[in-house]
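In the part that follows, the structures are each spelled out as structure tokens.
Shared chain: chain A. Partners: chain B in the first complex, chain C in the second.
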Partner chain A sequence: MLENFSFRTIGEYLPLFGQGLVTTVWLSVISFAGALLVGILLCAMNLQRSRALRVPAKAYIDVVRATPLLVQLYFLYFGLPRLGIILPELVVGVLALSLNSGAYVAEIIRAGILSIPRGQVEASVASGMSYLQRMRLVILPQAFKVTIPPLLGQAIVMVKDSALLSLISVAELTRAGQLLASDRFMPAEGFITVAAFYLMLYYCLKGLAVLSGRWLGLGPARSRA
Partner chain B sequence: MARCSCELPSGRFSVVIEFQGVNKWFGSLHVLNDITLSVQPREVVVVCGPSGSGKSTLIRCINGLEQIQKGDLVVDEKRVGDPATNMTLLRTEIGFVFQSFNLYPHKTALENITLAPIHVRKTPRAQAEKDGRELLAKVGLGDKFNAYPSQLSGGQQQRVAIARCLAMRPKIMLFDEPTSALDPEMISEVLDVMVAVAEEGMTMMVVTHEMGFARRVAQRVVFMDQGSIVESGAPEEFFSNPKTERSKAFLGKILRH
Partner chain C sequence: MIWQQLESLAGSYPLAMRGLGMTVVLSLIALVFGTLIGFGLGILRIGGSRVLSTVIGAWVDLIRGTPFLVQIFLIFFILPELGIKLDAFTAGIIALTNLNACFICEIVVAGIQSVPKGQVEAALASGLSKWQRMRQVVLPQAMRVVLPPLVGQYVLLIKDSSVVSAIGLTDLTRVGWLVVQRVPNGLLVFFLVGVGYFVVCYPLILLARRLEKRMSAAHGEVQL
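Entry: the complex of A and B
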């Protein structure tokens, strides 16, 4: 089998894979920034006392977690034009990834905030801090530490999920593999190359997770002279 | 140092904390049952009683960590729970020391102390840090300003927590079993700081079973059981001559160990 494996063709398609990789990276970066925004908003709503804010946030999170990303993607891709909203494929893709990952990010941030012991809230309340001061000075800095590793985990999931955008013909990494597969009838070459690039992205993010974990783990013991 | 409440001027300003028929329920559990109690300026009141009798709840109502459901609670001339009362502002006048210290783990000892003065009182940072170092020296931790809570012993953490409250220059200090999470050898270093605070004339309510402390600085011991104040009197009198069966049984238990 390997004697038929054409490294030359892969070489020929390398510029296309390169473009796909670049697209995957930057659309992931934008989508993840969007997911953070959506997640913070949902989490803020979810932590309020008012039911009018909590219930929609919870419902949104449930719907996103209960339905496949592909269904959500098609829903936006075919549904938005029906509402008269015509957007480029790439924008629809980024929107879908942000809205989808945002639900998971919201739960990660909420778990981080809830992991802060009750006593921290009470101590800051007792000292006369306002809600915003408490969040900014006491709760979020501590929650930040515990949310970084799971957030990077979610980023890894989202990078892989971005492969689905190939189905709405966004020219990202998987799409490059598809082109090689269909133009030259070389699916093995196409998708093994794609897999290798995803593996590379995975190791980059994992390295970041390890580094941040090590850095944050040192946290309180570091002297800040 | 003996102090006498009879030196205080009489009239409505001679009371800093006043409970009038205060009731509170957790669901169907009646945790505070018709509490009436007043604390005068510079007075030190020790609250004791069996576990679950409502001691923590009693002092947590004073700064609004818990809400009362019936009766009147007036602190520093402001009605607690009244929509017209700015609770956030009132809390700046009340220091609260927790059993579990609750220092901010991501802040150094000095930062723990200066955080509220800088952000709540709007004290300039340099001034807050100067005051903070003085307070740390006062609680015997002058060299620990750069240490994180995880690097301090329980006794040291509790002393930082007391300094953190004092940094706000409160009118009242509340303590909820400040020494019960400590190893025995660290209890006295914390009690000594509390005695010093009391001797400077701070108004204090202290939930504790440390009778030595009560004897040294308290004017009054309040004994609670099942949400009610069962007995109240001078420490010497209460410890040597308890009047109710319940307080006798309670003192018998804490004296035995």
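Entry: the complex of A and C
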């Protein structure tokens, strides 16, 4: 049984866990900013009439969604040096997370834009607005509202996915647990502590998602019917 | 040089097939048991006692709130400390099945909640028992909402199965990792591994999309 569960060792390693937590948080923030950029770009391409823009964006989204993040991560980690691009593990990890999450973000934004009732578009056309005015003044402000809760959901997924970066030895939260497990042979202490920290992040983001739904005057975004 | 690498890759073909087999077996077992347990959990979450419902809700939250990699490590390293001996394969199956069951539980709950209250009241008035109500009235209607995300969840399951390579199971991803140590061409190796996953996952994604369109059309919602 776990009668030797050592809180003292956890205490000793707390600075390491703290560092890991901080790394996980900021690399998630950067990756999410990257994912937003990638997502907006993909979505803009996807909504164009020209096939030359639409097809590559769709293909990219499908390929990313149909393959595991871990394989994408290894593809970059083992593949980039082959192209003569040597980057630190952390940068490779952030890149992989951004490129992966970007595909999901693109779909979320697209769903948000398509959820705007057709009448809104028609009314703005009838008011003589140009394409850009329509987007900026009518469609995007409304779409923005609907996309916030699912975007926070994607942020939750991304924070959890960032644990995979420990497999290419990025010193983030899960890596701290692995170190405790291998240095002291205390996997229980290591991984339970790690899980607790992730839960903390999860509840923060989940709370934020619920609150944002309320601020934006959306119902609980759970059931559609 | 590329020729040599291709030759060397061809030599890894049997290994790759074994890896693909492992990925398929893992995913299939977790799919079957995860679906069964997930439906059970979902039904109990809605119709079970208050205590049971709370316990299930807390467990599902716990699983949804932690990375799958951490769950695998916990199961693989901690169950033995509790006196349960298990190999990497069993640990992988347990972790994947549990994850799948928890996500399917949420999908089933959303499906059941989407059935109009009048349906349940009508069934109640017709004198159907609780179990009959669930089986004959609520579940068949809930399936319309459940089916598209369920197929989507299967895609997630197959993709998540790649994470079990972290505890040394020789699945498709692990094979890529092993091969890349010998054939130093990460782009090619993991491109091929990616193709392996793509041919399994992409048809499922298309199926999920089709189901979604059909189900929402049947539901009388207008898609713009």
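Simple rule for what comes next: the second predicted complex is superposed on the first by the 216 of 225 C-alpha atoms of A that agree within 3 Å, B and C clash if a C-alpha of one lies under 4 Å from a C-alpha of the other, contacts with A are read in each partner's own complex, and residues count from 1 in each chain.
Here is the rule we go by: contacts are C-beta pairs under 8 Å (C-beta built on N, C-alpha and C of every residue); 3 or more make two chains touch, one makes a residue touch a chain.
Because the structure is predicted, anything quoted here is derived from the model rather than measured.
Q: Could you look at A:Val71 and tell me whether it touches chain B, chain C, both or neither (first, second, both, neither)?
A: In the superposition, A:Val71 contacts chain C only.
Q: According to the stated criteria, A:Ser166 is in contact with first (chain B), second (chain C), both, or neither; which is it?
A: It touches chain C, and chain B stays clear.
Q: For the three-chain arrangement built by superposition, which of chain B and chain C touches the greater number of chain A residues?
A: Of the two chains, more chain A residues are contacted by C.
Q: In the superposed arrangement, which partner chain does A:Gly11 touch: chain B (first), chain C (second), both, or neither?
A: After superposing on A, A:Gly11 lies clear of both chain B and chain C.
Q: Taking the superposition on A as described, I'd like to know which of chain B and chain C A:Glu122 touches: first, second, both or neither.
A: first
Q: Counting only touches as set out at the top, which of chain B and chain C does A:Pro88 meet: first, second, both, neither?
A: Neither: A:Pro88 stays clear of chain B and chain C.
Q: Based on the superposed arrangement, let me know which partner A:Gln133 touches: chain B (first), chain C (second), both, or neither?
A: A:Gln133 sits against chain B, while chain C stays out of touch.
Q: May I ask you to decide whether A:Val194 touches chain B, chain C, both, or neither, giving the answer as first, second, both or neither?
A: second
Q: Shared contact residues on chain A for chain B and chain C?
A: Common interface on chain A, chain B vs chain C: 117, 223-225.
Q: Taking the complex as given, what residues does chain A use to touch chain C?
A: 1-2, 62-63, 65-72, 74-75, 77-83, 114-115, 117-118, 160-164, 166-167, 174, 177-178, 181, 187-188, 191-192, 194-195, 198-199, 202-203, 206, 222-225
Q: Okay, in this complex, where on chain C does chain A touch?
A: Chain C residues touching chain A: 62, 64-71, 73-74, 77-78, 81-83, 110, 113-114, 145, 155, 158-163, 165-166, 173, 176-177, 180, 184-187, 189-191, 193-194, 197-198, 201-202, 205, 219, 224.
Q: In their shared complex, at which residues does chain A touch chain B?
A: 117, 119-120, 122-130, 133, 137-138, 141-142, 145, 219-221, 223-225
Q: Write out the stretch or stretches of chain B touching chain A in their complex.
A: Per the touch definition, chain B meets chain A at residues 63, 65, 88-89, 91-92, 94-96, 98, 100, 102-106, 108, 115-116, 119-120, 146, 148-151, 164-165, 168.
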